[in-house]
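Letters are used for the chains, namely A, B, C and D, taken in the order the chains are written, and counting of residues starts over at 1 for each.
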Amino acid sequence: MDEVLKAVFAVDGAKVNFGAVRALDGVTLRVMPGECVGLVGHNGAGKSTIVSVINGGLTPHEGSVASDGERLERYGINAARARGVRCVFQELSLCPNLSIVENTRIMHRDLGGFGWRKRAAKIIEKSLDTVFSGHGIDSGRAVGDLSIAERQMVEIAMAFSDAGIAPRLVILDEPTSSLDASLARQMLDHVRRFTATGGSVIFISHILHEILETSDRIVVMKDGRVVAERPAQGFDHHGLVEAMGTVARGEGGQRSREQSTAPLILSHQAKGLPFAAREGEIVGLAGLAGHGQTELLLALHAAHSGNWLPERDPLVTFVAGDRRLNGVFELWSILRNFSIASLGDLSRRGLVLANEEETKGADWKRRIEIRTPDMDNRILSLSGGNQQKVLFARALATRARVVLMDDPMRGVDVGTKQEVYAIIREEAARGRTFIWYSTETDEVRLCDRVYVFREGRIKAELAGDEVNETNIIATSFEGVAV
Amino acid sequence: AAMPVSAFADTSAKKIALSNNYAGNSWRQAMLTSWEKVTGEAVKAGVVAAADPFTTAENQATEQAAQIQNMILQGYDAIVLNAASPTALNGAVKEACDAGITVVSFDGIVTEPCAWRIAVNFKEMGRSEVEYLAKKLPQGGNLLEIRGLAGVFVDDEISAGIHEGVKQFPQFKIVGSVHGDWAQDVAQKAVAGILPSLPDIVGVVTQGGDGYGAAQAIAATDRKMPTIIMGNREDELKWWKEQKDSTGYETMSVSIAPGVSTLAFWVAQQILDGKQVKKDLVVPFLRIDQDNLETNLANTQAGGVANVEYTQADAIKVIESAK
Amino acid sequence: MFRLSSDAMRLAIPALSLTLLLAAVFWMQPRAVGYVGLNLLFNLAVPIALATIAQMLIMAVNDLDLSMGTFVSFVACVTATFLRDAPATGVLILAGAIGTYAALGVIIHLRNLPSIVATLGMSFVWGGLAVLLLPAPGGQAPDWVRWLMTVKPPLAPMAIVASIAIASVAHLLVMRSSLGVLIRGIGGNQRSVERAGWSIVAARASAYGLAGLFAVLAGISLVGLTTSADANIALRYTLLSIAGVILGGGEFIGGRVSPIGAVIGALTLTLAGSFLSFLRISPDWQIGAQGAILIIVLALRLMLNRLEKQEKRR
Amino acid sequence: MTPLFRLVSKPWIWSWLAAFVVWFLTIMVTLGASTLGLSQAALTFAAFSVIVGIGQMFVITLGPGNIDLSVPATMTLAGTVALKLMNVENGLILSGLLIALVIGLVVGLCNYALIKALRIPPIIATLSTSFIVQSAAIWTNRGLRIKPPSVLAEFTTSNTLGVPNVAIVALLISLLAWFLLEKTIYGRWISAIGQSMPAARMAGIPVDGTRFVTYLFCAVLASVAGYLLACFSGGAALNMGSEYLLMSIAVVVIGGTAVAGGDSNVPGIWGASLFMFLVVSMLNTYGVGAGIRLIMTGLIIISVIMLAGRRAGMR
C-alpha cells in the first residue's frame, strides 16, 4: 500500500473490452515519481489502451485508478490534465490547419484571455528549445507545413510544456517512430533530465535499445496482461524479446549473392546520384528522416503506374508507412483491404471471383499470421501492427516485380518484423526487387545496396560491406560520397 | 407585325433595357422572342438607339436587383422590367428612378410608386375560370386546383381569385390542391400523386403551363376526363383540339400574352417621348374559347404559347383609354 | 526571397483575382468608378458576404450547410414582418432561429449525422416557415434597417465600409480568438481537440450558433436593400456562399478557412455578375457566361497557385 | 445476431420503412381504394428519381466533396435535343436516344475536365457546367415543346403486367448499378477511392480513369432520365430538370449511402425515391398547405436520418 501512496499514478486490475476483444485483462501499473517506465509488448498487446485509461480518455470496465494515493472515482480527460498527465499519442495528433502556437492554445485549456498568442508562443518555444535545442522550428508556422519529424518534435515539446500546471507524468506512445537517430537521442536525453527533476514518464517503443537505455523499470505486456516487470538492468535485448513472447530468429547475416550481373529493372534520374535497381535486389534508402526518400518512392510509383487505365501487370507496388493517410480503407473488411491491389488476378472480365479472393486471403493470413478470427472483420479491428501486415500482404500478393516500401515497419513489433524480413528475403531470392526506405539502421543493414539521402538529394551509394551504421551516419551528416 | 413608324427624333438617342428574371419556360422564351422581333425593327427604324434584353441566371430577386443596378451604371434611359418580386426590387427600382431612369414593369409588376405598371388582373383571371365552369356545369361538383410556385405573387393572386369564384358559385368545392410550379411535368407528378385519393372531379382549375400535365396524369387513370382549364400553351391547345375532334370536349384557355413585353417597350418609349402616362395601366388577358380555338392554334408556333404582339399604335390606345 | 505563410497565400490569390476583375469592370464601364458607382456595384454583396461568413463557419468544422439560402430567406421574411411590426417578437424569433442553428450543431454532433442531409432537411423546414410567414411577397423593411443599408458614410460608400467591417470582425473572431482556434481545430483534427479536454459539442454548437448569427445579419441587411421580402428571396445564397468560401481560398475539409478571403470571394462573385452584364452577351448565353466566368476565376486561382508553388520550390 | 437485428442494421431499411408508413397513411384516406392507383403513380415517378439518384450516388461514393450539380441541366438538354431531333418520327427513336447519350457523355467529359485540369472542386465545377449546358438548351430550341414520337410516348406512359414501363427501365438500371458496385472491380475501385484517394492511388487503382468514368456514368444516367421524362410528360421543357437537383441528392442520402463516400446503397435509392414522392402525395391528400408541407417534408427527412442513425457524416 505504501507503494500506491507514493505512486504518481496507479492503475489496479484494469479491464477493457472492445466488443469481443479483450484489450486489457486486469492490468496493474504504477508509476513512481522520478521514474521512467518502459512499456513493451507485441502489436495489440494493449499498450495504447492502458495509455488511454491513464489519460482519462477511456474508463475501464473494471479496476480502479488512483493518483497520489487517492482513488479517483470520476476520472476523465480534464481530471487527468489537472493532475499533470500529458500524452504523446501513437498517431500524430495536432491540428494540421493551425499554427504551432494555436495548437498550443488548444492543448492548454487555461491559456485563454487577452494576449494568449504571446504567452503560448513563449511556452512552446521554451519547451522546444529545452527538448530539441537547435530545432529551428518557427512557432508561427502551420503544422501542416511541417515535415513529419518536425510535427513529432512539436508534439513531444507540447507534452513537456508547462502552462500553469506542470507536467508530472508524460506518456510517450512510440514517439520516436518518425524521428531519426539524433533527434531521438535528444528526446531520450530530455526524458532523463525530466525524470532527474522528479517527473515521471511512461515510454512505449518497439525500438528495444531505446527502452533498455532509457527506462528505469520495464513492463512487458502480452495479450492485455502484464507478463513481466523488472528493473531495466534485469533485461537485455534477448530477454526482453523472449518475455514479449516472440523469439528473434537469426538474422541470416548479410546477403552474399552477387547482384551486379542481374538485369536492371528500374532506373530514375533523381536529384544527385542516379538511382537504379536490379532484379532481386533489396535497395535501401537511408539518411535522416524527411530528406527526400519518400519523395523518390512517390516519384517511382507515379512514373510506373497509370492513373487513367487499369494495368494488369503493374511494375511497382507500394507499402505505405502512414497507414491512416494512404494505407487502409477504413470501411472495408480485412479481406477487401488485402485483395484490392491484386483484383486483376482475382477476376475474370471485370468480375471479382469471390472464391479465389477468399482462398488467397486465407492463404496470406496463414503466411504472415494476421491475428484475426475472421478475414471478414473490419480492418480497424486489427491492431496497428497487424494492419501493417495486411498492407504487406496486399503488396506481396500482387505480380509487381518491384515493391516500394515507405518505412513500413513503423510500430511493428519485433517478432512480426523478423517474420516480414524473412518473407522479404525469400521473395527477393525469387527475383523480386525491394526498394526500402527505413529509419531504422537494423533494417538498412539488411539491404544489398543503400542510397543515402541528404537535403533531397542522393549523396552516396553504399554496397556490400560498406553498408553499416558508421558509413550511413557519416554520409548523411557530411554529405560526402564514400 | 410591321408598324407605321413615324420618326420621333426625341427618342432616337434613348437606350432601353429589358430586365428579365427567368428564361426557363416557353412563355418567357416567347416573351424574349417578341421583344427581339419588335424592338429590333424599332431600333433599325431609329425609334430608339438600343433595346437590350438581359436575363438573370437564376430566378431570384437579389440577382435581378443587381442587374438593375448595373443598368443604372450602364446609363440606360429606361428599364422595362418583368420582376421576380413585386416588392423586393423596390430598393433597386427607387435607385433607378433617383438616377432619372424611367422604369416600366409588366407581368411581374413592382409596387414602388415611381415605376409604371402594366398589370394583368390575375385575380379576375382566376375568378373567370370558375365562372366559366359555372356556366358550363351549372350543377357544380368537385374541383382540383393546380397552383403555381409557392411564395410567388402571381400564384397567390390567381389562387385568391379562384377561391373568390368558388365562394361566388358555391355549387363547386375544391377537394384537392397541389403545386405544379407552372411546369407540365411537375403538375403531372403532383396530380398523379393526389388523384388516387380524390373523389370524382368535374373540373381542374389551373394557372397556365400545367393543363397538359394534368390531362396526362388523368388520362393515365380510368377516370372520366374533367373540364381542364388550359393556359394557352400550344401542347394544351393541340390536345384540346384532338379531344374536341374525337369526343366534343369543351373547355377554355386563358393566360397573359407573352407579347405584353412589347407593349411595355412602347409605353416606355412613349414616356421617354414626353407623353403623360398614368402609372397604372391594365392589359386584358388572352382568352381562347371553343369557337376560336382553331384560329388561335393555327397562329401559335409549334411548342410555343398563343401570343399577341403590340404596335406603337396599340400602346397609344392603351395609354389614352387609361386617362 | 521571403516566404509567405500558407495563410497569407490563401488570401493573396483571391485578392488578386478581385483586383483584376475590378480593373476590367472599370475599364469597360468608367461610370462605375467613384462613390456612387462602387456602391451600386457592391451593395448587394453585403448580405452575400455575411452569408458566406456563416457558411465558412460551418465549413470550418468540416460540415456543409445546404439550408443557408432558405434560412436567409426566412430571416428576411421575419425582418420584413415581425421585426418591423412587433420588434420584441421579431427579436425573439430571430434569437430562437439562432438557437435552432446551435441545437442543430449539437444534434449533428451527438447523433453523428451527415451535415449535408440534416441541413437539406432543415432547408425544407425554413422554406416552409417562410412560406407560412409570407405566402406572397411583401412586408416592409424596418426603418432603421433601411437607414443602415442606405446611409452614405464619408470617404467610402456603405458597401465598402460594411465589407471591411465584416471582414475585420470575422477575422478577429475566427482567426484571432480562442473560440476561433477551437472551431478551426475541430475541422483540423477533432480527436486531438477532444483529447485536450474541450467539449466538442459546445464548440460545434458555438460554430453553428455563430453561423446562425451571421446568417441572420445577412437576412436583415438583405431586406434593408430590397425593402421587402419573399419566401424565395435568397435561395441561391446556398450555392453562392459555398462558392464564395471556395473562391476566397477556403477548403471543404480540414478547417482551412479565411474570413477575409470569404468576403473577397463574395465581392468577386457579385462583381463577376456585373462584368457579364457589361459585356452584352446574347440572352441565350447570358446564363452560360456566368458559368464561364466562375471557371475563369477559379482557373486564375489555379494558375497563381502554380506560380506560387514554383516560387516555393526555388 | 438475429435476422431481425441484421435487417435493422441495413442502412436502406429506414427509407423503405418511411415510404411504407407514408404509403399506408395515404391509402387509408380512401380506406384502401386508392392502393393500386397510388402505387402505380409512385412507381412511375420514383423511377425518374431512381435513375438520376443512382448516377448521383456513384459520384457521391467517390468521396467527400464529389457531387454533380449539372444533373438538371443535362436532363433538360438531353430531352430538348433528343425530341427536336426525333421530331415526332417513330423511326428516329434510336437516334434520339443516341444523341441523348452523347450529350451525357459530353457533359460528363466537361465536368471531369474542369475538375481535373483546373482542379476546381466538383460542386463548383458542375455548377459552372450546368449554367453552360442550360444555356445550350435554351439556345437549341428556345423552350419550344416538341411532342415525343407516339411509340415512345405510348411506351413511357403505359404498364406491363400492372407495372409502369419506366419503373421497369429504372429497375433494370438499378440491377446494373448493383451489379457494378457489388460484383465488379470497378465497384471496388470507386468504393476505395471514396474512402481514401491517396490510399487508392498507392494501391495501384487507376484513380483518374475511375473517377472520369463515374462522372460520365452520372451524366449519362441524367440524360437517359431526361430523355424518358421528356417523352413521358409529352415534351421537353426548359425547367423540367430543376426539381431533380435536390431530389437526386436527397434520395441518395436518405437511402443510406454514406455522404462521406465509399459506401453506396442501391435498394435505399428506391425506398427514398418512393418516399419522396409519397410524402408529397400524402400531404396533398390531407390538404396540407405548401408551407406545412415543406416543413413536414424537412422534419421527416431529419427523422429518417436520425433513425437510420450512426452513419459517418461529412466529417
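Following the convention adopted for this analysis, a residue touches a chain if its C-beta (ideal position, glycine included) is under 8 Å from a C-beta of that chain, and two chains touch if they have at least 3 such contacts.
According to UniProt, the chain labels map to these proteins: A = Sugar ABC transporter ATP-binding protein; D = ABC transporter permease.
This is a predicted model, so every value here is computed, not measured.
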Key: Pair sharing more residue contacts (C-beta pairs) when A-C is set against B-D   = B-D
Ask   = In whole angstrom, how far does the Cα centroid of chain A sit from the Cα centroid of chain D?
value = 45
Query = Could you state the distance in Å from the CA-based centre of chain B to that of chain D?
reply = 32
Note = Averaging C-alpha coordinates per chain, one finds the centres of chain C and chain D separated by a number of Å equal to 29
Request  = Would you mind listing the residues of chain C that make contact with two or more other chains?
outcome  = 130-131, 135, 286-287, 290
Note = Note: chain A residues in touch with at least two other chains are none
Request  = Find every residue in chain B that makes contact with two or more other chains and list them.
outcome  = 23, 32, 57, 150-151
Query = For this entry, which pairs of chains touch?
reply = A-C, A-D, B-C, B-D, C-D
Remark   = Given the complex, residues on chain C that touch chain A span 5-7, 176, 178, 181-182, 184-185, 187-189, 191-198, 254-256
Task = Spell out the part of chain C that touches chain D in their complex, as residue ranges.
result = 62-64, 107-108, 111-118, 120-132, 135, 190, 239, 242-243, 246, 252-253, 284-292, 294-295, 298-299, 302
Remark   = As the complex stands, chain B meets chain C at residues 20, 23, 32, 52-63, 65-67, 69-75, 85-92, 94-95, 149-153, 155-157
Task = Over in the complex, which chain D residues touch chain A? Could you list them?
result = 183-186, 188, 191-192, 195-196, 198-209, 212, 258, 262-263
Task = Spell out the part of chain A that touches chain C in their complex, as residue ranges.
result = 55, 57, 77-78, 81, 87, 89, 93-98, 102-103, 105-109, 111-112, 116-117, 140-142, 144-145
